[in-house]
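I've put the structures underneath this note.
Both complexes shown next keep chain A, but they swap its partner, so chain B is in the first and chain C is in the second.
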Partner chain A sequence: MNKYIEIFKISYTQEFAYKLSFIMWRVRNVIQIFVAFYLWDTIFYFSGRELFGYDRSRILSYFFGLIFIKALVLSARAQDVAGDIARGEIMNYLLKPVNYFKYWLVRDFSSKTLNIVFALIESVVLFLIFKPPIFLQTDMVQIAFFILSIVIAVLIYFLLLFSVNSIPFWAPELGWGGHFLVTVIIVEFLSGSLFPLDILPYNLQNFLSYTPFPYLIFFPLQIYLGKIKGLVVIKGILVSVTWIIFLWYFMNRIWKSGLKAYQAYGR
Partner chain B sequence: MGQKSQLWWDLPAIDTFELNKAIYEIPSKKYSDTLNELVELLEVGKLLNTQVRRLSLGQRMRLELIAALLHSPKVLFLDEPTIGLDVVAQQKVRDFIYEYNKKHSATIILTSHNMEDLLDLARRVIVIDKGGLLFDGVLGDLVGQFAKEKIIKIYLSKHADLKRLDEIGKVIKINYPLVVMSVAREASAVAAAEILQNFPIADLTIEEESIESIIVRVFKGEIIKKKS
Partner chain C sequence: MVDSKFQVPNNRYHINVDHVIKFIRRSNYYFKIWVLMSKNAFIMIASQKMVLVIFLLGKVLRFSFFVSFLYFLVQGAGNLAGYTTNQTIFFFLTFMVIDTTSQFLFREVYKFRQLIVSGDFDLVLLKPANSLFRVLMGGIDIIDFITLPPLYLATVYIGNLLNPSLMQFVLYFLLILSGLLISTAFHIAVLAIGIISLEVDHTMMIYRDISAMGRFPIDIYQKPLKTVLTYFLPIGIMVSLPSKALFGLVSIDGLILSFSFSFVFMFIALKFWKFALTKYTSASS
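== the complex of A and B ==
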């Protein structure tokens, strides 16, 4: 256990090694939310207007919630795995008495801790600027489901990132491609971090609900906002847990054959 | 250790050491003893708190060595530990490996194309080429077995008819006043005496064939594999 605490500590220090880069990443996050926030605020400006099942307070809460969910789910370090493999540095860890998956899970966790602290500060500042009507969930059952769905989201994202980052085992210089695919296209678009997914046509929504992506961001937020309840929530949790099991199995398979293909080349 | 760096590039080396301490579950007392000893041997006390990316290659290599040795491994693989280092740093690393080997009676396997490493450190030498074993044995044997010739270097005091030298041995290089020739190992003393008698000599030395040239010949296949 001690080793993982130490990994947590060094990873934390590492994040701070380049303060400017970290701050820019936070600024990028905030600006994205700023833009979305203003856009939707304008649409819902006339009081009492309700679109796609959202009123002004819920839609603004959605984008406010994004700050936290993104800090919790999408801030990760496991995208560096590809580089580790391409440069052959993964060797250092294979030789040591340390579990490589747990190693990155801990590093993800340290990144999330740091980001959530900043997200708290940012949202207080944003709250003071916008003074938006925020929807507070008070139903304990919904909150419990919300927390569970966050844990699921974190695991799904970790497994996705790890699988995609195994590409360099076979194509050493393709690490960036996988990362681009996952973060930019899939995560930004299909997870609900640009717009709530329930404004999409019903068939598409239905289809997406069987992919792992909405469970990263959209699903937890829906639970928090109380837009889905009871059986729908349980169904979603079942689907997402199934995805975790599948991705876990898939990642292990990839990883095993990856290590066989791996030849410890490097720059 | 060697080609793959394990130090955290953006952090001071001491952070990596602390991490390794936790990963290998080294007790605190033993950790600080080993660290102090290694730091002293490698003379890196002032570098521990410098961000790794700001260090020179030689400084970094010495810190890499520490990172690899904190848990006192019994077997050590070193992949070109002296590559790209300046002469002083090379010597420091070599001296250190020697000391470490003596102190911990650890098995050290190192690959190198630096013959000084071989001469200073290696008891057993294995020459590998294209996946085949060309030689495996004591360094002395490599020389004794394959250096069938000795090198005689002559400095002439004045011009002389060098053709007659061919009768004594094989002339490798003439660069007046220096003449380099090789003679059969057993005949070296006789040859030297003969040269001294018949030529105007300012200086004469008898040397072993250099380890590089022996290995070059091993690679060229002049030396046939030992029968297995």
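== the complex of A and C ==
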């Protein structure tokens, strides 16, 4: 256990080694929140009514909530796994007495810790700038489900990221391509990080609810905002847990066959 | 002997034919270099077909997702800052035309940092071609080359649905050119910052994030952000003004304003580039 605590500490320190890189990543997040805030504020200013099941305070809370959820769920280091495999550097880890999955999970947690600290600071600053009406959830059951859904989202994203980043076992040149397609394009649009998925037609929403993507951002925020309750929440949690089991199994399978196919190029 | 100076009767203006011929020859020379470098870029990508397919699929998906989002959003809300669904989509398409054309032409900018930190920029400076041309336009983006024709067609199709007059279309076209000039100036400034700070990638991403604010009509932003986006970081002039011209909301004054901004920005960017060159230390070479 101690070695993982040390990995956490080293990884946390390492984040500060690339200060500019980290600051730019946070600046980009803030810019995206600015755009989303103004877009939705304009829509509600002009329409002056409830739209897509949101009032002004709920929709602005959705985008303020995004700052935290993205820091918790989408900030991860496991995207570097593809580079490790493509460059042959994974051999260094396989020879050490550490579990490679746990190693990256711990590094993810260190990244999330740092990001959440900055997300808190940014939220205060943005709150002071915009002074938006914020919806505060007071129902303890909803809050408990919200926390559970965040844990599920973190695990789904980790497993998804790890699976996608295993592609270089077979095609080293596709490392960034696979990551770009799945975690940059598909996750960005289908997770609800760009817009609440309720604006989509019902059939499309229903279809997406059986994929893992809405459970990363949209589902936790729906629970927090009280837009879904009771059985709908439980159904969502069951579907997302099923995805964790499937992705865990899938990741293990491709990891095992990937290691068999791996020829340690460059070593 | 051919008289190299053609003089008009009133002697107020004269055109130096030698200069014109020299300019045409020089342009032809750079065009040949550009074609050669573009061929090289194509060969490099063609050797990795799966990479090409994945990135192409990614770009098509991102485009389709975003248009769908805009469609469902404005359909549900009724309008966006007073603009209809087609107009909102047209704003996005115009942004894409300027952004994708810039990416297509200036993809080499993303590789500039490596030239600087390795000192290989020395080799560019020693060649008998303009160094700025080489680092700015040294390799096209093949994926954007494939996506540009359908993007232009989609823009023409949606633009046609808005029934513009000939004057509105001409203004739109000229403002697109002006927008591309501003985008070029931004890219030159990023290169200059790269020489001074050794930082290119993040500056470029920040530029892209800020310019992406122009995916929506600039009218959705409130003051002071709207003022900043119009006059200091002229994203509004670069990507929103052309669309407004097509809707008949911009007069000749807007065109003059846009070109004034683009020439001033280009002038500042070129001066900045020249200044940055004096700071190049040739480290690591």
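Assume the second predicted complex is superposed on the first by the 263 of 267 C-alpha atoms of A that agree within 3 Å, B and C clash if a C-alpha of one lies under 4 Å from a C-alpha of the other, contacts with A are read in each partner's own complex, and residues count from 1 in each chain.
The criterion applied here is as follows: contacts are C-beta pairs under 8 Å (C-beta built on N, C-alpha and C of every residue); 3 or more make two chains touch, one makes a residue touch a chain.
Keep in mind that what you see is a predicted model, and the values were worked out from it rather than measured.
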Looking at the overlay on chain A, is there a clash between chain B and chain C, or do the two fit? fit
Quick check on the superposed pair: does A:Thr242 touch chain B, chain C, both, or neither? Answer first, second, both or neither. neither
Give one of first, second, both or neither to describe whether A:Ile31 is in contact with chain B, with chain C, with both, or with none. second
Who does A:Asn99 touch here: chain B (first), chain C (second), both, or neither? neither
For A:Gln14, decide between first (touching chain B), second (touching chain C), both and neither. first
Chain A-centred angle between chain C and chain B, computed on Cα centres after superposition, in steps of 10 °: 80
Just to be sure I read the superposition right, which of the two partners does A:Met91 touch: chain B = first, chain C = second, or both, or neither? first
Given the superposition on chain A, which partner contacts more residues in chain A: chain B or chain C? C
May I ask you to decide whether A:Asn206 touches chain B, chain C, both, or neither, giving the answer as first, second, both or neither? neither
Once the two structures sit on chain A together, report how near the CA atoms of chain B get to those of chain C, whole Å. 12
Those residues of chain A which chain B touches in one complex and chain C touches in the other: none
Chain B - residues contacting chain A, complex: 3-6, 8, 10-11, 15-16, 18-25, 51
Would you pull the chain C residues touching chain A in the complex into a rising list? 48, 50-51, 54-55, 57-58, 61-62, 65-66, 68-69, 72-73, 76-82, 199, 202, 205-206, 209-210, 212-213, 216, 219-222, 225
Enumerate the contact residues on chain A facing chain C in the complex. 20-21, 24, 27-28, 31-32, 34-35, 38-39, 41-43, 46-47, 51-52, 171, 173-174, 177-178, 180-181, 184-186, 189-190, 194-195, 199-201
Touching chain B in the complex: which residues of chain A? 2-3, 5-7, 9-10, 13-14, 17-18, 88-89, 91-92, 96-98, 266
